[in-house]
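Shared chain: subunit A. Partners: subunit B in the first complex, subunit C in the second.
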Partner chain A sequence: MIELLPAIMAFGVALVSIIATWLAVQERDLLLAILFSALQSTCYALIYYLFMAPDIVLVYLPVSVGILPLITILLVKKTERYEE
Partner chain B sequence: MKLSDIIVGIAMALLAVMLSYLMVYGGLGPIASYNIRPLAAAFLNNTYNPWQKIYSALSPEAVTAIVWDYRGLDTYFETSVLFIAIVGLVALFRGANIVQGISSKGLSIIVKTSTKIIVPLILVAGASLAFHGHLSPGGGFQGGSFMTVATALLAVAFSIEFLQQKRLSLNTLLAVRCVGLLAIAIVSVYLLINAVLLGGYAYIFQNMQRLLFSPNSLVAVGISQYSMPYWFLDRPLGGTLFFFNLSESIAVIGGLTLGAVLLLLRENELKTVIGGEEHE
Partner chain C sequence: MNDLVYFLFITVLVSMIINTAIALYGVFTKPSLVKKFIALTIFSDSINSFAILIGFRRTPLGYSSIAVMPSLPQSPEDLKNFINTAVDPLPQALVLTAIVIGLAVNMFLVGLIILFHRHYGTTSVKRVRI
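Take a look at the complex of A and B:
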């Protein structure tokens, strides 16, 4: 059982990331959609950590939680916040 | 209460439980198989092997050794793809500059104070990732993008005029990026220039001593004696790996901050530059 624990936790985190992706796609408020997408990225970072790839975690965290939301929030600011 | 609110609550609780479990127990043990494939065994045997320098990168971190030594040329072209994208951005925004006259006040005092506390911590964490990339997980791109998050936070919380006042104008950022790329190019041909000047043979992207082959056959004819420094005070330096990580982090912090500041420029100031008649 204890050997299966990482796989079970990766499965749970993957479920959370599916929920976050669904919320990000169906959300009309684009700012909230960006936040849900960052939540999904956090889940993926956790999965990378569980699968023993710390280098990918370290490059994935700043890009997906820092830089990508920054650029998309700037895009939302220069266009419209609510989807028709 | 909507259904999506309940789902969000349950998902966040699940994520918090798992994160805290990982933090308390510091990992869960190996998920990989105990049987190592021959390729992995070769890398594990040769990455840090002081008795056989002709096959070794002399760095305890296998991933960085593969990325910057065993397949260094691939990584060089990967890096140049990113910087060609930034060149495109700079060409699109040519002529744009931070207007000094319109002074923006930035965000509220609470945000500014917490940013002041957080930014040095992020900078130190990114620098340690970049400078210890040959000893522990991390590397130049990771450390550079961590530090870019800090400068982007500064630009958002304190306004871009603050960066301009601190001598971080667009031209300075472009110069920082160019210095980083130039350092990568110099490190990659350093031993080759050495060999040309002092006699003997060496390769591009050579790190330690390597076998020399005759041009038309696979027979080793000797050893290229040139090698980068591999020991600094009391710990391994990894030869070119440290210098590549250092210059890559400088190039990434310059380039990505430049991109963020260009996208943060205000629209009504940009319209006269991009859509103006004088550039047609």
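Take a look at the complex of A and C:
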């Protein structure tokens, strides 16, 4: 059972990432879309960790959960919040 | 047991394909440039995950290990065992570079979207009047 655990975790996280991607693409409120995109990035970081790439996780987490949502939130603040 | 693990990993691979498809759908059909930008970042992340998944190997000896040797090999069998169980580090190095370059390209795109909004007063490509 213990050798099944990484595979089951990768499976569950992959399903969550599909849902987060769909919600991020379909959401009208762009701030919520950014949050869903950050959730998807967190899922991908866990997948990278389970697939034995911890150095990628160390780069990917600050870039894709920290900097990119911050910059996109600033972009939404300067432009428009709601999609038509 | 082995078939179940294989099925779960194939599901992860298929989920990456589905994510790529959803992100491309968002890039092509959504009128808002900010939404296109978000979908583009998801697309690049999915492609990077593909590279990581190519480098991963499911060995018959068990789960793969990180491609770092904890100490110098004492015998040729140690080295052979390490080569047979470790993941491929080359896609990881490429993805590391791709993430950093992608960040720079995304910053450039953010600047372009801000200039677009100043010029046209909107970020929707359907409402642009020249």
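One rule holds for everything that comes next: the second predicted complex is superposed on the first by the 83 of 84 C-alpha atoms of A that agree within 3 Å, B and C clash if a C-alpha of one lies under 4 Å from a C-alpha of the other, contacts with A are read in each partner's own complex, and residues count from 1 in each chain.
We adopt the following convention: contacts are C-beta pairs under 8 Å (C-beta built on N, C-alpha and C of every residue); 3 or more make two chains touch, one makes a residue touch a chain.
Computed from a predicted model, the values in this text were never measured in an experiment.
Student: Using the touch definition from the top, say if A:Gly66 reaches subunit B (first), subunit C (second), both or neither.
Tutor: The answer is first: A:Gly66 touches subunit B but not subunit C.
Student: What is the contact status of A:Ala33 with respect to subunit B (first) and subunit C (second): first, second, both, or neither?
Tutor: second
Student: Just checking: does A:Ala7 make contact with subunit B only, subunit C only, both, or neither of them? Give me first, second, both or neither.
Tutor: both
Student: Looking at A:Ile19, would you say it contacts subunit B, subunit C, both, or neither? Reply first, second, both or neither.
Tutor: A:Ile19: touches subunit B, not subunit C.
Student: If you stack the two complexes on chain A, which partner ends up touching A:Phe51: first (subunit B), second (subunit C), both, or neither?
Tutor: In the superposition, A:Phe51 touches subunit B and subunit C alike.
Student: Check whether subunit B or subunit C contacts more residues of subunit A in the superposed model.
Tutor: When the residues of subunit A touched by each partner are counted, C comes out ahead.
Student: Need the overlap of the two footprints on subunit A, from subunit B and from subunit C, as residue ranges.
Tutor: Residues 3, 6-7, 10, 15, 51-52, 54-55, 59, 63, 67, 71, 78, which sit in both footprints.
Student: So in the complex, the part of subunit A that touches subunit B is made up of which residues?
Tutor: 2-3, 5-7, 9-10, 12-13, 15-16, 19-20, 23, 39, 42-43, 46, 49-52, 54-55, 57-59, 62-63, 66-67, 70-71, 74, 78
Student: Quick check: in the complex, which residue numbers of subunit B touch subunit A?
Tutor: 4, 7-8, 11-12, 14-15, 18-19, 21-22, 27-32, 63-64, 129, 137-139, 141-142, 145-146, 148-149, 152, 156, 256, 260, 263-264, 267
Student: Any idea which subunit C residues touch subunit A in the complex?
Tutor: Contact set of subunit C toward subunit A: 1, 4-5, 8-9, 11-12, 15-16, 18-19, 22-23, 25-26, 30-32, 34-35, 37-39, 41-42, 45, 49, 52-53, 55-56, 62-67, 87, 92, 95-96, 99-100, 103, 106-107, 110, 113-114, 117, 122-124, 126-127.
Student: Quick check: in the complex, which residue numbers of subunit A touch subunit C?
Tutor: Touching subunit C: residues 3-4, 6-8, 10-11, 14-15, 17-18, 21-22, 24-25, 30, 33-34, 37, 40-41, 44, 47-48, 51-56, 59-60, 63-64, 67-68, 71-72, 75-76, 78-80, 83-84 of subunit A.
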